[in-house]
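Each structure below is given as structure tokens.
Shared between the two complexes below is chain A, which has chain B as its partner in the first and chain C in the second.
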Partner chain A sequence: MPLTEPMPAPTYDPETRAALAELLLSLADDEFVIGFWDSEWTGIAPMLEEDVAASSIAQDEIGHARALYELLADLTGDEADRIAFGRAAGDYRHAALLNHARGDWAFTVARRFVYEHADAVRLEALARSSHEPLAGLATKMRREESYHLMHFDLWLRRLAESSGEARSRLEAALARCLPEARSVFTPLAGEARLVEAGILPEPLDALRIRWIERVTPLLSELGLPTPEAQAPEPDGRTRRTDEFRWLHSEFTMVAGSEEGALW
Partner chain B sequence: MSEAAVWAALADVPDPEIPSISVVDLGVIRGVQVDGERLTVEMLPTFVGCPAIELMRAQIGERLALLSDDVVVKLSFAEPWTSDRITPDGREKLRGAGFAPPAGIGLADELAMMPIATCPYCGSRNTTLENPFGPTLCRAIYHCADCRQPFEQFKRI
Partner chain C sequence: MTHSGNVNAPDEELAMHYAREFYGRRQESNRLWVVPRDAIAELDDPDLLKPPFDRSFKKPGGYIIKHKLEAAKARAVSEESG
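Entry: the complex of A and B
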């Protein structure tokens, strides 16, 4: 059953509608994929409290993905489950940052830290979207995500202030994640139309600059590397890895074995 | 049929995860409309990913089916559900069930977690936050240093 009653869709011209669909798909796929990677920590996180926290955060993200897939389904007349589970691995549009397996705990913390702040900047803008269903959902998601932000700021500090292995693993993880985080802000096809219509209140490139301003103070304070102002690569939301193809085979296993299965 | 009758019926529907509190106490009902036989209830999810949403929605539908054959339960994100929507009655019922009710939060965009909650068992403020994430999305875990009980807080959000 859909999470929300389909609202009467505003009438957009075909190009704007296609661009909005691309935006919703990128948002939903980000939350969906990171939610699945994080769910793998259930039972094997570094401590019991973290088992609970990682699982709870993963559940939030999958919930956000579901609500976003439903907004997309309302717009295109599709079904959320089909969008989530019925695509080939190459048709997902999550940021390249989320292509990699969960790695060690330091990698999860580093990726989460850069992603949560990118997501926060994006949601802050989308809460002002002229597409009302998206603005309402972004406003609600933002309140939930603030708990994730606090959690991973704390973990970043905890690992950074440790001596020895924890710190060096964190530095190695940040060296991978910081340059790739810009993929979250990869320009979308038709983005100019979204900005013009107020659906995306600011260009993604402006949000990327704000993200850099936002993560730099804490990273500097902890003596960690800070992000450089490189523009995203054009394939930031289309290149895929074997690790993601494996994850895709996992999360489509039930849907693939029984077409139209409900659970 | 009056709107008041619908609200009274909704007060019978428990929260599936904390059954001592009703969906009305929890503040998830945004509005009720009576239009002839058609009853429309608008519901605000506590958390977007709450797995109890569908159950809550089904239970509301079943209870209202006793009043009318034409019931629509709509979910909405038109405004965010916040923990401030829990009624004073609801807060007392939470405390009675061993949950610390959330402190007020307002509509601030960046939430600051309360490092301390009041112990629902002994009333002490000598408590510490053990984990902002608990057994369900809406609960955080604390420990009371005075009565030495772990307890849960309905999350402030």
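Entry: the complex of A and C
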């Protein structure tokens, strides 16, 4: 059953439609891939309580991905399950930040911290989208994402303020995640058109600057490295890793075992 | 207010997050109160909680008024006719 209210799809010219499809696919793939990576903490998180919390947050992200794939499917006349599970690894459009395995707990916390803030900035803008189904979904997603943000701000502080191993692992994780976080704001091919139509209320580059302003105060307060203003690389949403190819083979395994089956 | 259960957490902030996950994520709660274990004052003296004398009159079903009502009705009728 669709998670979003069915709404008459506005008629866009083919270029705008293609650009919107690209935007929806990038949003959905981000949530889908981070949801799958972090679901791997189920059973082995640092403590039982965190196991439940981390798994539940991962599930939330899969739920968001599902709603986004459904919006995309409505737009293109496709099926959400087909889009989610029926593509080759090279056809996914998640940010390069999400190409890596969950790593240790510090890596998960560092990646979540930079990603949650990027996602928050993006959703704030999309809640004002002229594409009403997307504005409605972004508004709804923000209500769940605010808790994710609180949770990983809390964990960042906790690891940063601890002495010894936790702090040094966090620093190493941030050194990997901070430069790659900008890939979330990789310019889209049809972006100018999306901005013109008000579908994307602000260019991704403006959102990236806001993201830097958003994460810098807490990182500075904790004496941690802060992001640099460097622009994202053009292949920020197309380059893939062996780690992702492995994850792709995992999450398509069941769907691939019986092609076309309904779940 | 119902005691939902307990969580292990290093401080109040995480205890709130975990309480939300354990006792609120299925939309089963309207509000959660989280207190540290050592802030709970316990009363378990059976003499105070289950005193030995009959306390049935403190319960709705413990006070039988059927016979008193019948007597009152009979008195009212006899007073009217008298």
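Annotations for the structure displayed:
Operating definition for what follows: the second predicted complex is superposed on the first by the 257 of 263 C-alpha atoms of A that agree within 3 Å, B and C clash if a C-alpha of one lies under 4 Å from a C-alpha of the other, contacts with A are read in each partner's own complex, and residues count from 1 in each chain.
By definition in this document, a contact is a pair of C-beta atoms (placed from the backbone, for glycine too) under 8 Å apart; a residue touches a chain by one contact, two chains touch by 3 or more.
Everything quoted here is computed from the prediction, not taken from an experiment.
Because the two structures share chain A, they can be overlaid on it, and in that overlay chain B clashes with chain C.
Once the two complexes are overlaid on the shared chain, A:Leu262 sits clear of chain B and of chain C alike.
By the touch criterion stated above, A:Ser56 is placed in contact with chain B and with chain C alike.
By the touch criterion defined above, A:Ala229 reaches neither chain B nor chain C. Of the two partner chains placed by the overlay, only chain B lies in contact with A:Glu124; chain C stays clear of it.
In the superposition on chain A, the chain among chain B and chain C reaching more residues of chain A is B. Of the two partner chains placed around the shared chain by superposition, chain B is the only one that A:Gly136 touches, whereas chain C remains out of contact. Once the two complexes are overlaid on the shared chain, A:Met150 sits against chain B and chain C alike.
In the superposition on chain A, the residues of chain A contacted by chain B and by chain C overlap at 49, 52-53, 56, 147, 150-151. Within the complex formed with chain C, the chain A residues making contact are 47-50, 52-53, 56, 147, 150-151, 154.
Against chain B, in their complex, chain A makes its touches with residues 1, 3-5, 49, 52-53, 55-57, 59-64, 66-67, 124, 127, 132-133, 136-137, 139-144, 146-147, 150-151. For chain C in complex with chain A, the touching residues are 7-9, 13-14, 17-18, 20-22, 25. Contact residues on chain B toward chain A in their complex (touch as defined above): 45, 47-51, 53-54, 57, 72, 74-82, 109-111, 113, 130-135, 137, 141, 155, 157.
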